[in-house]
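Below is one structure; the comments refer to it alone.
To keep things simple, chains are lettered A, B, C and D as they appear, and every chain counts its residues starting from 1.
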Amino acid sequence: MIIIMKNQTPTREISAVISRIENLGYRVHLSEGEERSIIGIIGNGRPIERDQIARMKGVEKVVRVTKPYKLASRDFHPQDTTFTVGNTTIGKSGLTIMAGPSAVESRSQLMESAHAVKEAGAHILRGSAFMARTSPYAFQGLGLKGLQYLADAKAETGLPVITEVMSPELVPVVAEVADILQISSRNMYNYALLNAVGRQQHPVLLKRSPSSPIKDWLLAAEYILNHGATRLMLCERGINTFETETRNTFDINAIPLLKQLTHLPIFADPSHGTGRWEIAKAIALGAVAAGVDGIMVDVHPHPEDALADGAQSLKPKRFVELVEQMKGVAAAIGRSVDH
Amino acid sequence: MIIIMKNQTPTREISAVISRIENLGYRVHLSEGEERSIIGIIGNGRPIERDQIARMKGVEKVVRVTKPYKLASRDFHPQDTTFTVGNTTIGKSGLTIMAGPSAVESRSQLMESAHAVKEAGAHILRGSAFMARTSPYAFQGLGLKGLQYLADAKAETGLPVITEVMSPELVPVVAEVADILQISSRNMYNYALLNAVGRQQHPVLLKRSPSSPIKDWLLAAEYILNHGATRLMLCERGINTFETETRNTFDINAIPLLKQLTHLPIFADPSHGTGRWEIAKAIALGAVAAGVDGIMVDVHPHPEDALADGAQSLKPKRFVELVEQMKGVAAAIGRSVDH
Amino acid sequence: MIIIMKNQTPTREISAVISRIENLGYRVHLSEGEERSIIGIIGNGRPIERDQIARMKGVEKVVRVTKPYKLASRDFHPQDTTFTVGNTTIGKSGLTIMAGPSAVESRSQLMESAHAVKEAGAHILRGSAFMARTSPYAFQGLGLKGLQYLADAKAETGLPVITEVMSPELVPVVAEVADILQISSRNMYNYALLNAVGRQQHPVLLKRSPSSPIKDWLLAAEYILNHGATRLMLCERGINTFETETRNTFDINAIPLLKQLTHLPIFADPSHGTGRWEIAKAIALGAVAAGVDGIMVDVHPHPEDALADGAQSLKPKRFVELVEQMKGVAAAIGRSVDH
Amino acid sequence: MIIIMKNQTPTREISAVISRIENLGYRVHLSEGEERSIIGIIGNGRPIERDQIARMKGVEKVVRVTKPYKLASRDFHPQDTTFTVGNTTIGKSGLTIMAGPSAVESRSQLMESAHAVKEAGAHILRGSAFMARTSPYAFQGLGLKGLQYLADAKAETGLPVITEVMSPELVPVVAEVADILQISSRNMYNYALLNAVGRQQHPVLLKRSPSSPIKDWLLAAEYILNHGATRLMLCERGINTFETETRNTFDINAIPLLKQLTHLPIFADPSHGTGRWEIAKAIALGAVAAGVDGIMVDVHPHPEDALADGAQSLKPKRFVELVEQMKGVAAAIGRSVDH
């Protein structure tokens, strides 16, 4: 249930409503807008007496919310969520570009990648030190050594860093280096991990599981937000379908739909969303036209030698072209790619 | 197998190669480019002796084609297919917009729609007289009377008309009115119908079945092309997935992929691809950015009263906005929406 | 809406209720059980006044039916549908086995197959003369000549014959030879064909489209039943999923679910449902344990030479084993496989 | 690559082959059969010289294995894996029944369930103390207190216990009470957890992710086996498809397919595989007929009050009926349900 307060309600009336609800045994989420405030009630299972609240001072109306997610929903939090990572503001009209190799493979590979993506206009450097691979015999990442290289690349280029975390006990360790913690698609349903990153109160990018309906994805976000974390982004990266020509089917419908349902910034990963670099560029542009707040893309100086995801990685030269085209498409819909 | 001829090979050498292959019992498809010609061989099941051909005059090389479709593939026909319907050229840099109501419901509804979409910039009027509906109790279309209304709307507005054909015996009847025959998604696997429209030698738009891999779709196109028809377009309209928030999942990956695999013009139907008008606009723009040659969109003057697909139909006012935004996105990728 | 009449209501009261409803402009479906009759009302879009009917003599209660299919639903027709084809009764406790080659390839191949499946215990001979193939270059069937061979095999073995029909205009032709008309999965959404077979009033087996939810499948059945046809069977043959190890995913859940939702006999096709003969046997047994009324299975004397579906065809020897095991499983759930 | 040794090769020759391979830098898996031994080589990325090995004493042939999983594959380990949990042998001809409530809700609820399923013939008690729930607001399980109740139920009934583990750090804690560790479908791709349970060397049941192809599932098993663990079972519980009438689509094809591909025991969970108790029974019987080694089923004394999965839970009375019917079907295929 949400309580929509009248325009310009004085703080003391808002507080009174909040106290009343908390006294009834419920948790409360306050969203303060320019003109009016909205108070969200997070249920405890028992029904609440609507009339009791509706009659309080300053209350305009009480609306039942039937969506199973609350903190993630736009009903509870009508304004877009925006926040800053390094010098980059996420969720405003300027698009955010995260780029870099799928895996951190060596110090030199990462440095070369970091300089290339920075020069092309990326705002954030991506690269996994810990990797979720389908086969135990595939390259599992450099682990702590990879984290150190990420710290070095950040120091040298000034780019904030996003990297994956796979295990609850490593969350504090990874958070020391990473500006953004990435939950990979394979771990979207790993609730022990979601709880751990929620408790860390660090920026998080939550990828969609290839088998997740949008509802389950927003509920996974809710696990994180439920710990008080707020700096959370969602990243569409393709879903599982019968089509075998592409690694995944990039669900572009999810972009405008999420913009309706949630206030969280939405990203697109056209590299995993297709599995093929030749078509990833077109999907990145499509995602921008459809309204994403940023993209995350695999860029590798030598894709043919990549230890992971080479087939879907752009060469730096192609990435430069992509950023240029993104600027044009962004401008056409009233947004920008700043550098 | 395809035979790539040397630059500027004289016609008589090309003819000699073709004769040789036909004498071996194969059918041949000749694609003449600006500089070089390509001869495609359509197998008869028996293997062909490659060296025999490779040694002939003018032959540069002989390449095995492993794709199961031939006439539809870009290997056989490297240049983009383009053709004219009414005053509109399809498949060139200018995008084609097909718009109108899902169903022809009455003379006045169709006329109102036709004028509205023409004014907003549509090039072709859509509207179904015969309708494939999941339930036998749903509105099945006005049939022949609907066809007559389409002819009237065409006469009055000058817009060419696209409409659905569902049954082999009705192909000649529908082709008398329709400038383009539409095969709906439910009939993509209806080979008797594909053969009938192929024989008609009329322009055709072939929608993708919601359960069709791209390979099956191109093979369905091959059924039509195999009768000598050439004016064929493909239209992505969403596939069947586990996601239930949207009617279908619009497969944007298919757009750049098809551009690689085939020379046929590619369209997008964001109305069926989403089932929801509020998000259809974003998908239309995404499809343009990803490289389609045109879009087909449901526009209805009074969606709340529509006999079919009201939830996914744009009001004319929204459609005007969409066309404006399409122009911007098209320009950003070096294309246009002419009017 | 359905009207449940009291036990032993006299015919004249039933007729009165029917007349009243028809006078209100609705169609009626009467299902007469051992003890009580049920009158189904097929809507005309306008609401009906429930109380008006509820007060009539003999009416026990009036129940709203929210399912979109009516004639196919068990609410309208509580008893299992059963009927006879040749000497075989379909839909009773004895299971029906349809077997034979995917394609009729030659007179001798069909005769050899027919004798083999008859000897092993099959009740009905299957074999396609007209074939829906994904590629126009694949074997399309022998057509009318194949039909003739089926007539010959029927004359020689006494087995009733089921064969595919793909085009409305061929329905009467195929029905002259076929004891059962088969609608293949690719044509489940071909409503022109469904209407044509419905009008023919011949026994029909309707395969599920690999992309069809159960609801759409029952609505496709409704298209046929809506013409007054009653001898209709459904056949589960696998759906489209992300799994690539098997050609389709056999949806065993559909079996008990359909038994709840509809009165029509349910068949299973483990050959198409798996695409692999080595696992088809296990699926056939699973389908029997889950409650099907019969199976349809590809049997070919020389699968390695088959012109279609060789990989999923059982050799006659394996088919004999399957029938033996089916008898055991059928007995375990109180059914039988008679010979 | 696998090395098939000749019949009755003396141990010293086998050891010589193993030493040679290990000296080349590879890991080895020895599978000793009644008559012959098979040595599996787990690659290190570099190619191995086949001829070198093929010429050694006792080697019959060297076969390339192209499957990405090794320890899980039947090529490496031709015999069925069998092992004992409590008094129950898993993987032999007698089927194993695991039953109990989805969630441990209270001491009394668990005790009542435990006695009921024991009496009906279950061999192992199931019940989750830690629960993976889609919503953070749903009942998350009793945690350590729930584990204690499981220990109590085990002490009182003598039934071994299977329960879920969701987090690497809880693996040793859960393993103190649980006879079998369950990895739920949502955690199949949680590689940190798979590694942790692999290191624990405890019996494990690995459920399939609803979005996992069979290949990914066997690779997840490989993660566990790669730590030297051997007592591993797989459990099919339904996959994600477009069908919405059932919670999941139970993939019965997976059963005979896995029997070919792997030596690990296969279980079926008809409760999650359908989401509906009324059809779960038919699916359980189907799975038995198709060849599973056991089933896992939700049984709750009062499903209407269940805190989780009530709609898919059988009442004890229905469970008794199911066990009886399972005996019949098992006997029909030469297996049994012992008690």
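The rule is short, and it goes like this: a contact is a pair of C-beta atoms (placed from the backbone, for glycine too) under 8 Å apart; a residue touches a chain by one contact, two chains touch by 3 or more.
Keep in mind that what you see is a predicted model, and the values were worked out from it rather than measured.
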Shared chain contacts [subunit A and subunit B, defined touch]: C, D
Chain at maximum distance from subunit D, centres defined as averaged CA atoms: B
Whole-Å gap between the CA centroids of subunit C and subunit D: 36
Inter-chain centre distance, subunit B versus subunit D - centres from mean C-alpha coordinates, in Å: 48
Where subunit B touches two or more other chains, by residue: 211, 240-242, 244
List of subunit D residues in touch with subunit A within their complex: 42-43, 68-69, 132-137, 166-169, 186-187, 189-193, 209-211, 216, 219, 222-223, 226, 240
Contacting residues of subunit C [partner subunit D, same complex]: 211, 213-215, 239-246, 249-257, 259-260, 273-274, 276, 278-279, 281-283, 285-291, 325, 328-329, 331-333
Interfacial residue positions of subunit D with respect to subunit B in the complex: 240-242, 244
